[in-house]
Each structure stands twice: as C-alpha cells, then as structure tokens.
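Chain IDs A, B, C and D follow the sequence of writing; residue 1 opens each chain.
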Amino acid sequence: MYSFKNDYSEGAHPRILNALLETNMEQVEGYGLDRYSLQAIEILKQRIKRNDIDIHFLSGGTQTNLTALSAFLRPHEAIVAANTGHILVHETGAIEATGHKIISVEVNDGKLRSEQVKTAVDIHGDEHMVKPRLVYISNPTEIGTIYTKGELEQLSRFCRENKLFLFMDGARLGSALCSEENDLTLADIGQLVDAFYIGGTKNGALLGEALVICNDRLKDDFRYHLKQRGAMLAKGKVLGIQFLELFRDDLFFDMARHANEMANLLRQEISGAGCQLLTDSPSNQLFPILPNYLIAKLQENYSFIVWEKIDEERSAIRLVTSWATRKEAVLAFIDDLKNSIAK
Amino acid sequence: MYSFKNDYSEGAHPRILNALLETNMEQVEGYGLDRYSLQAIEILKQRIKRNDIDIHFLSGGTQTNLTALSAFLRPHEAIVAANTGHILVHETGAIEATGHKIISVEVNDGKLRSEQVKTAVDIHGDEHMVKPRLVYISNPTEIGTIYTKGELEQLSRFCRENKLFLFMDGARLGSALCSEENDLTLADIGQLVDAFYIGGTKNGALLGEALVICNDRLKDDFRYHLKQRGAMLAKGKVLGIQFLELFRDDLFFDMARHANEMANLLRQEISGAGCQLLTDSPSNQLFPILPNYLIAKLQENYSFIVWEKIDEERSAIRLVTSWATRKEAVLAFIDDLKNSIAK
Amino acid sequence: MYSFKNDYSEGAHPRILNALLETNMEQVEGYGLDRYSLQAIEILKQRIKRNDIDIHFLSGGTQTNLTALSAFLRPHEAIVAANTGHILVHETGAIEATGHKIISVEVNDGKLRSEQVKTAVDIHGDEHMVKPRLVYISNPTEIGTIYTKGELEQLSRFCRENKLFLFMDGARLGSALCSEENDLTLADIGQLVDAFYIGGTKNGALLGEALVICNDRLKDDFRYHLKQRGAMLAKGKVLGIQFLELFRDDLFFDMARHANEMANLLRQEISGAGCQLLTDSPSNQLFPILPNYLIAKLQENYSFIVWEKIDEERSAIRLVTSWATRKEAVLAFIDDLKNSIAK
Amino acid sequence: MYSFKNDYSEGAHPRILNALLETNMEQVEGYGLDRYSLQAIEILKQRIKRNDIDIHFLSGGTQTNLTALSAFLRPHEAIVAANTGHILVHETGAIEATGHKIISVEVNDGKLRSEQVKTAVDIHGDEHMVKPRLVYISNPTEIGTIYTKGELEQLSRFCRENKLFLFMDGARLGSALCSEENDLTLADIGQLVDAFYIGGTKNGALLGEALVICNDRLKDDFRYHLKQRGAMLAKGKVLGIQFLELFRDDLFFDMARHANEMANLLRQEISGAGCQLLTDSPSNQLFPILPNYLIAKLQENYSFIVWEKIDEERSAIRLVTSWATRKEAVLAFIDDLKNSIAK
C-alpha cells in the first residue's frame, strides 16, 4: 500500500535529521533564542531580500494562523477568505476561538481577487457588522492553484488602498514557488504581503513553519503571543536547526521541485489516459476525476482521499506528492491506472 | 561556560533521535493516528495500570495546560492554583486568554493543600464570583518540592467531595517520580487525579508532553480541542515515536534519575559548604542562597538564573540539572564554589 | 417625517411606564431576584404551560444570543444558522467573540429546514472541523417569514435525533405569534425548542428580552453567565416589572396584533397598487419593491430602509410597524404612494 | 424591614421617570444616535470641560468594564488592580472571559498607589509573563475610600511615564465627588485618566453608565465593541434621556450629596456610640464593626450585608445609603442601635 494521501505522511529529509543529530549535544538558549534559530532568521532575511522583517518559527499551520491573526486584529475586526480557505474549513474554528469572524467569499479556483474582496468589504458598512481588516489567502490554495505575480500585486494594491492587511498561508509555499507556472519569488512576496509563512512540515521538515512579518505595525510584542498561544517551544532550536538546514542551500526548493515533478508526471499521464482534472493545479496536489470502479481498484494498492462526488459514476480524488514520493511508485500507480482503464 | 540554566538547554537523548531516524522513511498516518503513537499510548496505559484512560501527545507545557483546561471548563468556571503555579506566572496569561480566571492561593512551599483550596472555594459563594471547578497542581512544583502520596490522596479526596477536578502539571514529573523522597507511582497518580501530563521536553525528548485524561467526563471530543488550539501536529508521529522510546523500557526514568543524582550532588556539596537552600527541593531544581560576590564569580564560568534577592548581600540562584548534565561539570562547579568561598 | 424604519424607534407602551412609576419607590432585591421578576417568571411559565423551565430577563437581543449560546456550547461546538440569521450578519461577530463559529446555510426565505441542516452537519465529519451542536432560527425571520408548527416540529425532531440543540431568536416573536398565518403557541415552542427568547424591546417595552431555557442540560449556573457577560442588571426589577405588565393580561399580544394589522394594511394596499413584495412576510416587516423615483418621493415624508437593489429601476424597501404605529400615518403613506404612482 | 443593603435596591428619581414619560411617544433614532443621547453627551462634555472626548452610554458597571477594557487592550496585555477591585472579585471573571489577566495588588485601603503599580510592573519583565498595560482604579473604592487630587495626579503621571492606560471605575463616582473630603472635579478626572465612567445605576437612574474616553488612542471604532458585547441598546434613548436629566442641572450631584449626608449621619452617630469603623470611607458606604448580638438585633428591622468577621464577638457590616434613603429610617436605625447597645 503506497500513500498519496498527504505530504505529511512522510518523515523528514535525512539532512534535517542529521542536522538535529550533529547539534544535539550542545547547550543552547531556550525559547527560540538559540544561535541556530538566529542564524536561520538571518538566512531567510537574505532569501526574502529584506532586513526589516521579523521572523518567528512555529510548529504547525493552524498554530501559525491562529497566533498571527489573533495578534494582528482587534476584537471587532474580521478576516476575508475564500470559501475554500483552510482557516474557514479545516481548523476546527481555531480563528473563531480567538474571537474573530471569517467572512467567506465564494470563489471557483480557490483564489481571492480584489473585486471579490471589495464586494465583501462593501457590504460591511457599519458597527452592526464586523469590520473586515485582513485578507487571508493561501498559496498554493487548498485546491492546488497558485497566484501569479500580477494577481498578487493587484490584491496587494487593493488591500493597501483599503487599509486591509494581506496575509499569505504558505503551508505548501515551496510547491507554489517551484511550480512551472510560478513567477513569484520569496522577495516579491515579502514586498507584497503584510505577513506570510513558509511551511516546513509539508516540505521535508519534521515540523515547523516560518512566520514572516513584513509590516512594522504587526511586529510589536509578537513573542508574547507566541507564548500565550502555546507556540513557543522550550527547545526552540528544534525548529531553527531545521530551517537553517532547509535554507542554507537549496534543500527547501529541491524538495519542492521533486514533489512537483512527481505531481506533473501523474498529471500528464492521467490526462493522457483521458481523465479530466477537477482543478488546474500546477503544484503538488492534483484532483483527477475517475470512474468509481477505477477508484475502488486503485484503492487496493494506494491510499488517497476521495475528494468529492462528481456524478453517479465518477468522483474526484486527491493525490498529493512530496519530497519523498518515489518515482517507481508514481510509475506503478500510472500503470495500474492505465491497465484498469484498459480493461 | 557551562549551563545550569534549564533542563531544556539540552538536546534529546541519542536514543530518541535514533528512533526518529529509524522510522523516518516509513509512510504513516498523520495527526497522531500513526502506529507509533498508538503503541506509545498502549505502553503508557500499562505503566499507569489503567486501560480506561485517554492519552494525547502535545508539543509543550503551556500548550498542554491551555488546551486541557479550556476543554475541561465552562466559561464561568475557574481554576485554583498555588501562587507559584506556572499557569499563573509564566504562561503569559495563556489560560485567561481562553477565558478562565485563575484563583491564586498563597503557599509557602509551592504545594496546595486541601485546607487552602477549601478557603478559596468557600469565599466564592455565588454567581457574582467565578465558580472554582479545577485544582491545578504541579509535581514537582515550580520551586522543586514534591507531593507525597498522602498529600495527593488528601487533595484528591477533597476535590472529589467538592466536585472539583484535580489536574497535575507534570512538566518535570520524571524528576518527581525518581526523587528519593517520592512515594508516588504513575499508577497512583492515574487513580488520584482527573488528568495530568508527563513531560518529555524537560526530560530528554526533543519536544512533547503526554496528556493523560483519567476522568470519563473530560474525554469527549478532546481531539477537536487539540486541533482548535493548534496542538495537533500533522506529523504527529514525531511525538509518538519519542514517547514510545521513552517508555518502552526505563529510559524516561533513567534520565530523570541521572538529573536527580546530579542535583543531589550539588545540593549535598553546597550545603556541606555551609550555604542554605531556599526551598527543600528533592528534585532536579535547587535554589542555593549565595553571597553576591560568589554568584558573580560563578557566573564567569557557569550560566544559571538569579532567582531572588534575599538581603543586601545574598541572593538565591536556581540550578537545574538534566539527563545530559555531566558529572565533571557538576564537580567543577562545586570546586569553584568551594574555592571561591574559601578565599 | 414619519418613521417606518424600525420597531425600536418608539417608546414603551404607557402601561409599561406606569408600572415602573407605581413600583418605583419600593425597596427590592437587586439582580433580578425582586418580587416582580419572580412574579413575571411565574406568569410566563403559565403562558408556556411548563413549570420545569428556567426564565431569565436580559436587556437586548444580541446580549441574549451571545450569553445563551456561549453558555450552552463547548469551545469546539458550532452553530448552524440561515445565511440571513441575525447572529451571522448584524451582531458584529458577537458570537464569534465568545469563541464559536457559525455555519451559514444558504436559504431562500429566511427559514432553516432539516434537510439543509442535515447537509451542513454531514459535511462536518471529524475533528478537523467544528462540531455542529446548536441550530439557531429566528421567528419571525429577519425577512419577516414565520415558521409553521409543522416546520418547527420537523426541525425539532431532526435536532433531537441528531443531538443538536434548537434555539429560537424571538426578538419579534410577538409578531410571529399574532400573525394570521401562525399556528404556533408559546406552549408549542416551549415543547419544541431547547431555548428561546421572547422579545420585549421590539414589542412595546423600554428594553428587555425573556430567555426561556427548556432543556435541563442547559440550565445549570446560567446566572453566572448573565453576570459574566454583563447582562445582569443591578436594578433587575426594571426588566421584571415590564414583563409582568406585558404578560399579566394580553398587552404583549395586543401590541403585536396592532403592529401586524398595520403591516397587513400596508401590504394589501401596496400589493393592490400593483407593487410586488420581496418576501412573503406575514409579520410586522414587509419588503415592497418600488420604482426608485417612488422611493425618492416617499422619502420626503417617511423614513425607512432601502433594503436592496432589484434592478436599475427598482429597489426593495423595508417597512416596519410597531405597537405605536398610527393608522393615520399608514393611510397617509398609502395615499402618497398611490398618488405618486398615479402620476 | 428597611434596607441599607445597597444603592440599587431603590427605584429611579421621579424626575428620571418623568423625563422618560414626556419623551415616550416621539419617534427617534435607535442605537444611541437619538437627539437626547447626543444632547446628554454635549452636556457631559461641558461638565468635564473637554470637547475632544468620546462618550458612550451603557447599561451597567460590569458591562462597561468588560466592553471598555477588552476594546482597549491587545490579547497579551494585562490589567493592574487593587486586590479589592470590583473586576477582580465581583464580576464573575468577566474580564478574563474576554481574554485578559488581572494582576492583583495587595492594598490596605482599596486605593492603588504608583509605588505598588511599579512593583507589579517591574516583576513582569518578559514575554513569559503578561504585559501590564492598564491600571484599573475605582473611585470611590469598593470599601468606600476616595482618591485625592494629589493621589490621582501622582498615579496619572506614573502611568503616562510608563505607557500604562489609567481607567477609573466610577460606579459610585457621584458619591466620591460629593464627599466632604473630595477635592477632585469631573474636569480633573477628564484630564488625569485615559477613560472613566460615571455611574447612573447607583445614583438615581433606572440603569445606565456614561463611559468617557479621553485618550484618542482608545476611541477608534468603539461603537463596534458596544455592539459586539451586547451593550448597544436598540432603544438607546432610554439611557440618553436619563443622563440628560441627571446632568442638565445638578440632579446627579444633589442625589449623591443626599446619600452622603445620610451616610455621614450614620457614621457620626455610630462612632459616637463607641463603635469602630473598618475603613475610613467618606462616601455612601460605611463599614461599622459591631458586636454580633447587636447585628442580630438590628437584622430584625433592617437588612444589610455582614461584610466580614472581625473576631469571635464582632463583625463588620456594610451600610449603603442612596438618593432615596429616608432620614427617618436613618434616625430609627441609630436609635435602635443605641438602645440595643445600652442594654
């Protein structure tokens, strides 16, 4: 049984574990003030090409979202997100638990556009409604699509003109940045958004996300929020060492590139076999629409999520690749799929 | 510079890292449902000698406290804690941030007793005040003291008679259980409290705490709370594998025992050198009272926390030992201390 | 300028003020424990035909909703509401501010049906999503429609079968109960929902809502929640005296009936004049669709809310009547409307 | 049975009810935007001698405290209060329910002084602890003492130097301002604090508190917070009309003066009869220490609160006077007390 279920079904890249091993017996400062974390922050600043940003390491995506957004907003301020947004759907109300409403905007492709945000903002006119204050986007989105530089620029401009913070959830940012269709850089993102995070968990780390705060107004006292939300690890070096290893050369990007290549291979062959895809997702998630009999057949040897029912005879499934996805497994999957269709 | 500053200045026990390495390339379920986590839970149940308990792995102490206590209480219910309680002092209001008041009870030795809890409960008589509902204790306490079985039994009895939940913060539980003065077992604790946690971070893990829920009434839907508070790691196996390694034999206890031995050595020699101790702490923290000139001298080669001013000439310092504390470092510290006094 | 803008633009019924005057110089217990509040509770129990219910008086609708729903739910539990629901749209995120997500269900007529609730519940399958636990409905709805007994029975049955609490926002309940199309009684509601409230503010009181808790599981310690949310008035008798006056005879219903009659008159004549209505609302709100020129003309002498744009030439307006709406004003409005159309 | 139990056991001053009656049949704007509320705000600005302040009317003290303090603070920021502070003791954790910790400072006379605040601030040094940001005082305090102008100036200076907001709970402010020992004016307070409120409920209104926000940084979007916390009455005029009546001439002060005179009379005569007072309280609360037999005797004809046990034979009781306290009742109480002692 091979799993295409998720990119967190795998372990960490061996270099990550090695880095933890090599530094293991040193005594260091706690709570993220160790030399490795500080060094990782410096290297990330170089990658993002800004020195005037704050960077904090957290353990997971939900934790990062809830800690950041609750720190950034006053009680009556709300978040605007696409209806597919992770914070809206799959975080068990973590944001609402900190007191903030999320305004859902219906979109087709997982991406928010300024016109849609404008509509949401316009209907919130007075103090009987929450005040939209932050726009949450994911890149790649939850359905695998990615933002172009032009799209992000437009959204960024709109947000700045309308006193809205722009926040990018980058749980799978590596995959977006290494997509063939991508024209964004870390440096671009650092200029266009007010805060974002770079996901480690889903790209070869044991755990860890790097939150980048670009807007000065959002920086004050952030470590208090880390602590208050339970996000400040005593052995903070566990996160810093990993991000240092991920970014001291191109490991982070190499792993994302591999994941994308495996996804591309799947995509081409599945399309080639005559199957449609639910979304146009140039990243490490794809959503082929398959006949139910074929899904049942594939489930004998592969695990994956059945995403949604299309009609009586077909469903979309989700396949996710990762830094660790083996090419042989991909090829075997393709073979099995083609053979099963053939019959 | 050798550090006695904390037990989280160190890395993980090499066996922990090995266990992570050996299991690294397997694909497993996410979110703590992997085979290692499940196995770790089984082993812990055997240690605690109860099958009817729920166990969850979280990343750190503050996270465990805030997730558990907010899950256990209704909005108007409050927590009773010693004035030294970690949740009261050193968690940046994490509990209050979930909406609950902590009632502080003045104690001398870090330990709560039923008479003191009774007083606190008695003055909360009606709906104009919060309703005390949960008693929070730490074992060992924040100043290194530990609960005897008799003390815990008495407190437990009082709590049950008064419809109060009893929760034990076990961030350093290993050290308490391995103390020479201890007469409590994991199984005792599992009978006497409603929930407690076993700290991994401060006893040789990279990170991780095992929350044990003994009372049926507190179990329902706990995984929702894990997720909502950002405490459910995607690669949950990172925690499970560590606890499996800690408890599949006596590694957890061996490490705590070593830490205690190093603390005992420090304690005996420092006392022998004529210095008083601030508290009677038979665990891995000790609080010697030293002349300020001696503290300054020791700070040249050792890092530790100056805990509190005693008088114009003396202060108490805090020394913490761990699984990784080297005996040579302890002996060197003692030598330096004696030599400096001698002069 | 005559206002059809709202039912809270008016004062209280003179009998309400008289009741406050007559009892003014007596010394009574504070915090809602005075004899008038207790008597009002007894009378309401008779009206609802249940003795085993708890009743509390609060100041306003948002306060009642947030106090009740946050008392009833655990942190991970969510509310299901129609997309028009007051708590979703017009309470500035008051519910989310207490930590709970509201799941929005798209409906046409403001009313939730069990199939729709089922769909919402079904997609919330695990701990990565909130747990639907309470269904919020308004009667009448925010667009003036009302629930039939059959509809409420069906919804109630579904909720009980699915462990969902059913809560009815009755800010304008008087108008629903006195509608010509209504077949529900207070006693029916008391049997079918877990909690509801009877709105005083919008039906002739100075301020005040009576929250009725029918389900035993929701009753415990409710006064603590009243106090904690700032909803317990020191001079609680101000609310109790008003509800006593409203329900010691039929004042509450007489006032609602008058409001409905005025609305019916408007409805018939506006329909008769050939104008459509946006919703079929047999209560004290109506939403005629008028040409924009006509709206502008009417605005010279009447104030009301322009509810939504229909097309380039027409908009829906909202007209609200109350216990205090004068028939002459209604007739004058109708005349003006007809005359303006005629031209 | 005559009650000295509280100043909210009474109704409203007849002029208040008259004002409600006279304006009852007018149609006005809702939500506090009616002409009476606006006029009351203008008059209060004149009294406070500042035009650049914002004023909002709320229903009660707890509501005002929780709405204001949660609007003013970020999640990690805490409040410093005297251990007797109403928000600490008697509001069912209302502030903590909005997420904020209150740091308790032990005081003797209910009053906070800058040295004590400094000590509390000094021990909160880093992000592992909450960040003190707002100092909460009550005037008069919960035990009847009042602040002198000098004391308030000193506290104000300290707060401004240390970036702390200063907030005054004025639930009984009228009594403080009309005390013979008082040297503060409303205008002084408006200069020295960042926000405060003027209590109506305990000084002759049916209900209502006027929150005054002096510091520009605390003003933004406050009406959103009013709405979110359930504090914005639909018929907001109910509060505005009362404050207009209280302050359009000296009614507010006349009522407070009467309450104080009655308290003074009680104080002098009780002292004259040889009984001690627990606190030096020159306002409308007093705390005589009486033999238990005498308390029992007095309880036959008067209701009051037994405040605290002094020793085996004596307890302190609390007597509260109000605008409505009848002199004959005071004299009768004194007679009864003297007669009972005599025997």
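As a convention for this text, contacts are C-beta pairs under 8 Å (C-beta built on N, C-alpha and C of every residue); 3 or more make two chains touch, one makes a residue touch a chain.
If you're wondering where the values come from, they're calculated on a predicted model, not measured in any experiment.
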From subunit A, how many touching-chain steps at minimum until you land on subunit C? 1
Using the touch rule from the top, work out which pair, A-D or C-D, shares more C-beta pairs. C-D
Where centres are the averaged C-alpha coordinates, which chain has the largest centre distance to subunit B? C
At what distance in angstrom does the C-alpha mean of subunit D lie from that of subunit B? 42
How far is the middle of subunit A from the middle of subunit D, if each middle is the mean of its Cα atoms, in Å? 51
Taking each chain's mean CA coordinate, subunit C and subunit D are separated, in whole Å, by 34
Got the subunit B residues that touch at least 2 other chains? 75-76, 91-93, 97-99, 127-128, 130, 224, 227-228, 232
So, in the complex, the side of subunit C touching subunit B is made of residues 31, 70-71, 74-76, 98-99, 127-128, 130-131, 221, 223-228, 232
For the subunit C and subunit D complex, residues of the former touching the latter: 2-3, 5-6, 8-12, 14, 17, 20-21, 23-30, 59-67, 91-94, 97, 201-202, 206-207, 224, 227-235, 238, 324
Residues on subunit D engaged by subunit B in the complex (per definition of touch): 75-76, 78, 89-93, 96-101, 104, 127-130
